[in-house]
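When the chains are written out, they are named A, B, C, D and E in that same order, and each has its own residue count from 1.
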Amino acid sequence: MIVRRNPGFLRLFLVVRGSILPKILPKVLIITLLALLVAELHKYFPDLFPDYTTAPFTLLGISLSLFLGFRNNASYDRWWEGRRQWGQMLIDSRNLSRQLATLLDFEVPEGRQRLRRIAHLNAAFVHAARNRMRGIDPWHLLDDHLSAADRTMLAGRGNLPAGILHLIGQELGGCFRRGEISDIALRDLNTSVNSLSLAYGSCERILNTPLPFAYMLLLHRTAYLYCLLLPWGLVAALGLATPVISAIIAYTFFGFDALSEELASPFGTEANDLPLNAMARNIEIELLEAVGEPLPPRLTPKNHVLL
Amino acid sequence: MIVRRNPGFLRLFLVVRGSILPKILPKVLIITLLALLVAELHKYFPDLFPDYTTAPFTLLGISLSLFLGFRNNASYDRWWEGRRQWGQMLIDSRNLSRQLATLLDFEVPEGRQRLRRIAHLNAAFVHAARNRMRGIDPWHLLDDHLSAADRTMLAGRGNLPAGILHLIGQELGGCFRRGEISDIALRDLNTSVNSLSLAYGSCERILNTPLPFAYMLLLHRTAYLYCLLLPWGLVAALGLATPVISAIIAYTFFGFDALSEELASPFGTEANDLPLNAMARNIEIELLEAVGEPLPPRLTPKNHVLL
Amino acid sequence: MIVRRNPGFLRLFLVVRGSILPKILPKVLIITLLALLVAELHKYFPDLFPDYTTAPFTLLGISLSLFLGFRNNASYDRWWEGRRQWGQMLIDSRNLSRQLATLLDFEVPEGRQRLRRIAHLNAAFVHAARNRMRGIDPWHLLDDHLSAADRTMLAGRGNLPAGILHLIGQELGGCFRRGEISDIALRDLNTSVNSLSLAYGSCERILNTPLPFAYMLLLHRTAYLYCLLLPWGLVAALGLATPVISAIIAYTFFGFDALSEELASPFGTEANDLPLNAMARNIEIELLEAVGEPLPPRLTPKNHVLL
Amino acid sequence: MIVRRNPGFLRLFLVVRGSILPKILPKVLIITLLALLVAELHKYFPDLFPDYTTAPFTLLGISLSLFLGFRNNASYDRWWEGRRQWGQMLIDSRNLSRQLATLLDFEVPEGRQRLRRIAHLNAAFVHAARNRMRGIDPWHLLDDHLSAADRTMLAGRGNLPAGILHLIGQELGGCFRRGEISDIALRDLNTSVNSLSLAYGSCERILNTPLPFAYMLLLHRTAYLYCLLLPWGLVAALGLATPVISAIIAYTFFGFDALSEELASPFGTEANDLPLNAMARNIEIELLEAVGEPLPPRLTPKNHVLL
Amino acid sequence: MIVRRNPGFLRLFLVVRGSILPKILPKVLIITLLALLVAELHKYFPDLFPDYTTAPFTLLGISLSLFLGFRNNASYDRWWEGRRQWGQMLIDSRNLSRQLATLLDFEVPEGRQRLRRIAHLNAAFVHAARNRMRGIDPWHLLDDHLSAADRTMLAGRGNLPAGILHLIGQELGGCFRRGEISDIALRDLNTSVNSLSLAYGSCERILNTPLPFAYMLLLHRTAYLYCLLLPWGLVAALGLATPVISAIIAYTFFGFDALSEELASPFGTEANDLPLNAMARNIEIELLEAVGEPLPPRLTPKNHVLL
């Protein structure tokens, strides 16, 4: 995620990091060069170019804008839902931790031990969820929060975060069976664990189900064809200004298209993706702070990018 | 569901699987041939063609884009809601299984037996829901998870998945009546069963209620008429370029229309439909893994298509 | 609701049932005749018609499309919410029936009697809700499910479905007071009854609150004025093709308008309305099946229309 | 709220009540007169008017339509949410009343007294909420439902409806402390009271937070400027038809703008506002009917307007 | 937030406070001056300007409107969600306070003390949330509501509002452990505390996650380029009217852009931001009123602006 104040008028055109421009520059250049070529051709052989009206290009351009706009909406919704679910994980972790502290006595050694154990399991869950979303080593950063026994028990699980929630459930079940909490309290705590499970499962849904492939094909193909034909349609009307206008239209369409694609997979490490590392660390810090454990450092943006 | 990385610029135009093009190719070809014919006619008998303005075609094209855009939104919402409900089934199955494991002791034979039985009933429910959504043999893959007695009891039920939820309810009621779980715990477990019932019922709603038929009629008719008239309207302005532009516009409009139709029924087995087989199998694997039963293999994409 | 496979290219233009065309045919014909007249006038007295540009008609047409699109969205949302609420009634009825079967023993005569009585009350509720939505005799089909005492008690109620939910509440309260179910179980069952009440109340909201009247006025007036002026604006540019284009534009605009109006009141008996009779019957069948009562026949589409 | 059947073709143009036309008539007339003046000027001094293209007006008109469309969506959402929250109050009132009747015995004098008292408090809450939304005397119609002691206790409260919910809470707390209902039942009833509180608080949000003022300024200013410039831009192309087209465009834009403004404040007493009086009365009637109290008359539309 | 009645026709153009105009005036002036220059150039050297068609500008302008419209929707949703979450905090505070008053006896000194303490903690939470949203001194206005011991305990917490919710949880846990409330009641109260936590966490999400930076870049760049090129494209068609139309288009586009940016960060102190100070004070007043404590004054708008 890009973290910076909005740049002023002039600097606006110089910002590269976070911009979608580098990604689409080759395509925009190709269209611009083509438009230059077409404009030169038109200057020397105007008779080759019938006096096309631009109306069909207007129509097609507006249709394309509408359909790109639809895809952009869907992509943004995925990005924002991803963010909401991670916010939900923070909220659920806070609630679980606060509810436990309400029920168990932190001043008593057993109470403190339970609170600490569940805080560590919760932190391990959050890091494991992040690892899965980012597609990195599933055990990354989990060692500080899981005991050797936990790691053995989880070794074979296909879905590590779900397995860790299972351990939290076991731990709460133990408290219940030992009579430390009532069945009502267990139900209350379970509600928060279920909510964590829901947030994580929703993130898995976004991760595993891309937007329908056919949208991408249809929109990419139409956008390419459109921008390749555009100079031929505009040259009779715009003459030597054709490359400028073609470049701006190509920049707008390819830019929206590329940005939609980046946002549709919000859990990666591109500049506009969600800062999962920083969010997981924040949850970890809040959990450990509540049970008086030493805190890892907060993550800060590097070059205006927070991962 | 198509599972593949986005193809590069050139390969983009060669991808067939997952593309909507094969479905609409005949229609696009008809429009292109018509446009060729009209362009030839215009070359030899230009006087037959009054110098039509393209403005009414622009207006009608934009209106049509807006209305196609509306239908596309509604279709995509159905597709994505279908996906959400199946994700919800996974989450509810995990929650039910974890809550039960919290309450019952897996180390005790009776506890283990209850957990396994409910895991199998849950897996049967998921496969039965898949069978119904896909319109295949309702008993497909259920034999591994249902006892002969279950099958007898379910034989007459009109709605098999609802019947299996009934069995899960009976099983939980048995645990409650035998005093193995309290009424609070029963309520907690019931919440998850109700949530499974809600997700399944929502899928039934999408399956049984298509988009209003009149939308389809109105949009198909208008799109056909529009594309059939388009060459006559464009030829005075575009001359020999008429077939190219007509083909692209027909491809865009028919393509969006056909894709909307495919997504509006998200539970089929077309390339862009939801991978119900793979999702049902994933839920089954997670359920059986949690109770230490042998696991069936995961499903993988064939030719980039996951069913 | 229209239940049929999508017709092929040629049959598409012949389908009448479910089409919005019969409703708007008179208006479309009037516009077409007017356009014919204007085109003839233009042929003989071209000097009477200044060489109008079509641009203002394009602008007004696009604005009108946007506003029609808004109304269409709002109408479709009402239709789909109506469907969702009826789906919710099915799900809640299933849940209530399953939860009761979990708590009460079907093998014991008293348990069986309670289950059957509540299943019948539930079925009566669903039919009474349907009757109210359709504006027919409130007691239609209720006799099979209500005792004479019930009918007496309900005789004076202004809102029959709410009265039947009251009876279900009384029945559950009786089970609780007789100690057959605990207060926790009562709360659990109440949740399902509340959910039925919510779904029914939401349907009442859609039924009793039409879209703001001023929208209808504004859009109808603008659409009429627009289509009446259109031939005058198009004739200079399109000549004898004016009636064709005018007819298609009138068909599209009036069609969307009429379809929006039909969907905005989703509980009627028009071709695109929701099949309340069939849905109520399905719920009735599932309820009676669960308690082993004789089943009424399912409703099937007649002439592709399911009521 | 306007309650009437849709008028036919001819009467459509005569309906005044519920129409937005009277509100915007002066503005539309000014634009029409200006357009007449401009058209006359153009007839006698055509050289004063360069041959402007209408394209920039098309562009600006479409942008304006899009932004008006956005504001209209936001306004309609406020109107419909207001309706939903009042529907929710009806549903919650029904639920609270039914749940209480499930728990307390209407045949016993104490039970009947409790039921009646809470029904009256609930009715008082609904009227107090209505009074606040409408900005009228906060005590209007409350005397029938509150005792003198209640009125004294509520006298100093800044927020009367919230105060009445407090009284309902006290009454339920009394039942609990006297052992008439269990803590589970209290929790169940509290859920309904919380839901009433949520619905009321959501209405307060809509009432107290208008759409951002800057939207109104930006859209009004742009719409005025646009309509004032329109005749100058259209006259070269449309000649004497300028006033007709200008009037229709002004009617459409000002009409949508004025209607959005009316719907954005849905709790007033304008023709398209929500019928709070009738809805509050309906809730009151259902509450009193359930406890066998005498019923006030239902409110009916006057001149097609239901308040 | 601007609090004033809608101004009349003439005053509308004079309102400055709340208008977005002052923010964008420099940009609009630059475009206007450029357009004046271009118009002058065109008058004296018309041959330098080929007779450009405005069609490409129409197309690009409509695309830009669509994409600005998307961003505007997303920004408004953030603003309205921020408002909803603060409304939720008010509702949850009311509910928590009412539920406690139902359970504890205000007439008994211990009961009264508990009610007052939790009301003060709740008020402190609300002010602390406001402080964080506004980025001001985290302890502003908390001294009246927190004891010295509370302040010591909270001193080290990274997230002060979450810490205060923890204290509320501790206080409720104390009531439960001392037997003053049952576990069911604790669960009921916890639900409200969890809801406060959810509302606060949702506000944090809006605060910490701006709209993707790349949207801002893409839209600003396109809007600037577009408005800078516009006069060159319009001058051939509009002549000396170019500056007027350019200024209005620049005002509309820059205005929508700037307003979207203001609404996307709804918790600041700009004219159209949410009145967090007034909302926090209202919650504080309702909480203190319910436990009979002295009330601070309500905040009122200054110069039509409520902070």
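Methods note: a residue touches a chain if its C-beta (ideal position, glycine included) is under 8 Å from a C-beta of that chain, and two chains touch if they have at least 3 such contacts.
All of these numbers come straight from a predicted model, not from anything done at the bench.
S.K.: If you take the chains that touch chain B and keep only those that also touch chain D, what is left?
M.R.: Touching chain B and chain D alike, sorted by label: C.
S.K.: Give the rotation angle, in degrees and rounded to the nearest 5, that superposes the C-alpha atoms of chain B onto those of its identical copy chain E.
M.R.: My answer is 145 degrees for the C-alpha fit.
S.K.: Please tell me whether the contact surfaces of chain C and chain D are same or different in residue numbering, using the over-half criterion.
M.R.: Since fewer than half of the residue numbers are used by both chains, the interface counts as different.
S.K.: So how far apart, in whole Å, are chain D and chain E when each is placed at the average of its C-alpha atoms?
M.R.: For chain D versus chain E, the centre distance works out to 23 Å.
S.K.: Between chain A and chain D, what's the gap in Å when you average each chain's C-alpha atoms?
M.R.: Spacing between the chain centres: roughly 38 Å.
S.K.: Going by the touch rule set out above, which residues of chain A reach two or more other chains?
M.R.: Chain A, residues with two or more chain partners: 53, 55, 58, 62, 66, 184, 187.
S.K.: Hey, how would you classify the chain contact layout here, line, ring, star, complete or other?
M.R.: Drawn as a graph, the chains make one closed cycle, so a ring.
S.K.: How would you write out the ring, from chain B onward through chain C?
M.R.: If we begin at chain B and move toward chain C, the chains come in the order B, C, D, E, A.
S.K.: Applying the document's contact rule, which stretches of chain C touch chain D when the two form their complex?
M.R.: 27, 50, 52-53, 55-56, 58-60, 62-64, 66-67, 70, 74, 156-159, 162, 165-166, 169-170, 172-173, 176-177, 183-184, 186-187, 190, 193-194, 197-198, 201-202, 204-205, 209, 212-218, 220-222, 224-226, 229, 232, 261
S.K.: So in the complex, which bits of chain A are touching chain E?
M.R.: Touch residues, chain A against chain E: 1-2, 4, 6, 9, 12-13, 15, 18-20, 53-55, 57-58, 61-62, 65-66, 69, 72-73, 76, 79-80, 83-84, 87-88, 90-91, 94-95, 98-99, 101-103, 105, 182, 184-185, 187-188, 192, 234, 237-241, 244-245, 248-249, 251-253, 255-256, 259, 262-263, 271-272, 274, 285-286, 289-290.
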